[in-house]
Amino acid sequence: MSEPTAGVGIELSDVTKRYPGQKTGAVENFSLKVEPGELLMFVGPSGCGKTTTMKMINRIIEPTSGSITIDGEDVLSLNPDELRRHIGYVIQQIGLFPHMTIAENIGTVPKLLGWSKSRIAERVDELLRTVALDPAVFAKRYPKQLSGGQQQRVGVARALAADPPVMLMDEPFGATDPITRLRLQEEFRRLQADIGKTIIFVTHDFDEAVRLGDRIAVLSERSRIEQCDTPANILAAPANDYVAGFIGRGAGLMRLALIPIGEVSLEAPSAESPALGVDGSLRDALDLLVLTGAERVNVTDAGGAVAGSLTHAGISAALGASRSPAGSAS
Amino acid sequence: MTVQLKRPSSLRHFVTPVAVVAVLAVVFAWVATLDLDSIEARTLNAGYLIDRTREHLVLTVVSSALVAVLAIPTAVLAHRVRSRVVRAIVVTLGNIGQATPAVGVVILLAIVWQTGFTTALVSLVAYCFLPVLRNTLTGLEQVDAATREAARGMGMTPNQVLWRIELPLASPVILAGLRTALVFSVGVATIATFINAGGLGDMIVNGLKLQRFSVLLVGAVLVAAIAVLIDWAAGLVEDRVRPRGL
Amino acid sequence: MTGLHLVRLDEFLARRWEDVVDLTLQHLAAVAISLALATAIGVLIGLLVWDRPVPRAVSLTAAGIAITIPSLALLALLSPVLGLGWVPTIVSLVFYSLLPIVRNTVVGLREVPGHLVESARGMGMTSTRVLLTVQLPLAWPVIVTGVRVAAQLTVGIAAIAAYVAGPGLGVYIFRGLSSLGSVNALNFALTGTLCVVLLALLIDGVFVLVTRYSTPRGLRV
């Protein structure tokens, strides 16, 4: 249908939030540069200030000092209501308007921006299909008729409605059961691959951060950035004990899950080894090796033909080589 | 799951007015069989009944309309100000107001000012103002904070949030308050007879004073019928205006 | 403006304070008696109809209509049968109190979580026993709130009862009306009204305490 707006860069410089009567702020001297089209995860325990920081970008919370720019424009000099109409905003409790239909909910910002009725209707249909909800069934329903997972998808669709270049998401999949959450994460990952918006995604779930993020900012008290880097780099080399604590055990296996088999050079195949497809990750390969006790596993390509094989040693080697040069922490 | 949320079936809703009309019919039929003496004849005729009913309805409807026009915007303002002091004042005044007997307000105002229709109207408005104010304020405050935040986060101005989100979501509570005020007003308008404001209370009081049971009965039944019918009508409006999906 | 001067309100009160106290106690007695009766009747009705849709709808509608009827009309309608004075006053006050009490009893009983009833039945309790030993105590705070609402209503309505020679502070309010133009008219009406207000606030305060101390320990927030 329409070409989605590409993401733009966000820059926060020395942003501080101090509430009246506080000696030390909820957020202190936070500086970060978010690249256009990047999905950046804010990870940290409750109360570390990650949500507060995110909410300063669209000025739901006003910063005490510091500067925030989006695409080079100073956010603090703009009219806040105008600003927010161009930022997609998804909160943890979703906040669907109970007295409006799903279609009316999704069409809220387009209506605020003065789109024509037909354009809004088309967009609503498009978005419902994007989040895997049949428009014929769901457009006219009310929020209370939907399950939690469906409501959450509508929340994401609503944030995307006006095609904003930037999105802020605060634990958007938090209020669902683990199975639904995994499915939503999967769908969201595919969606972001298509639309490439600049997204700040707050979560306390490190696994979610690893699964979704292009980069992860691990935050401690007062939103202090302990490490900001790609998931693979953080897993391979945590900056300190705090970050290591977040990772917990099994960092190696987590890293393997991030490396697709297709990116690794394969050895020669052998005749009777068990096989798996090339679309899996190195962790799937290791899993098969452990399950079968075989020395090596064959890798089949999309057509079914055997393309090569992997051994324990080969997998470890790939892990060692997977650290990207000069991990960036801004 | 149904696609459209259905409104409750309306056939059941006609039981009330049908019952009221039946009771009225029985009472009037009974009166028609009586031999009326001069006092009764002067009261129990169409002209007198219509006049008193009209006075009563005017008092009720006008005062309730005034209360709505005054109390709801005041509550919206108080809500906007978002001051705890304002809220505490409203709640305290509301409690005191609720503890005040209506007949006291009516008679006090008549002593201090004058008797008559205007006084009755003013005392009615004064009496119903606080409950509607408090109800509206409560209704607005009960709107879910997450819904409000989502609305502001999407870029709605405070006015837009008020008109598109808060008022619609608070409307059931606000309407319930208005409905109660309306029914109350019918009752207090009955008391207005004590200060020469007219209305159907005249018939009740005369019937009691002059020991004419027929007059008493017709007056009391008419007033009760009006109260029940207004309550029923207000209930219908409440159902119609309530946003679907709530 | 005619009577806007409190002519010697202090003298007025000094001379009549016994009267005032007497009327206040009468007012309180009328409210208390009717509340007691209404609670007994209302809770009983609630216990009987809470889980039966048709009787429940009928009771609630009937009580709803009772409360919609203007108080003067009801008092007047009862007078040919019950005369004037205490009896029609108490009867109509009971009428008015029924809706809040019955409705809150029904709602309170229905809001008891289903799984609690289920586990009680599962232990072998009869449904009546469950009703009385599990549901009623849990519904009690809601029921007390209903009685509290009824109390507020009746304190105000009782003031009108004076018109049919009923008891209470309404006597002073109507005396103010009938002596309109005289020096003490405002004193009478004001004393009557203010005493009703104070009585209502006092009774409400008592209810706050009653609610807190009669709620089973485990439920207190």
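For clarity, chains are labelled A, B and C in written order, and residue numbers in each chain start from 1.
Simple rule for what comes next: a contact is a pair of C-beta atoms (placed from the backbone, for glycine too) under 8 Å apart; a residue touches a chain by one contact, two chains touch by 3 or more.
The shown structure was predicted, so the numbers you read here are calculated from the model rather than taken from an experiment.
Counting C-beta pairs in contact, the chain pair with the largest number is B-C. Here the chain at the heart of the structure, going by C-alpha means, is B. Distance from the chain A centre to the chain C centre is 59 Å, each centre being the mean of its Cα atoms. Chain centres here are Cα means. That of chain B falls 20 Å from that of chain C. If you average the CA atoms of chain A and of chain B, the two centres end up 54 Å from each other.
Chain B contributes residues 95-96, 98-105, 107-108, 110-115, 183, 186-187, 190-191, 194-195, 201, 204, 207-208, 213, 216-217, 219-221, 223-224, 227-228, 231 to its touches with chain C in the complex.
Contacts from chain C toward chain B in the complex involve residues 1-4, 64-65, 68-74, 76-77, 79-80, 152, 155-157, 159-160, 163-164, 170, 173-174, 176-177, 180, 185-186, 189-190, 192-193, 196-197, 200-201, 204. Those residues of chain A that touch chain B in the complex are listed here as 58, 60, 81-87, 89, 91-101, 108-109, 112, 137, 140-145, 158.
Per the touch definition, chain B reaches chain A in the complex via residues 1, 3-5, 144, 146-157, 160, 165, 168-169, 243-246.
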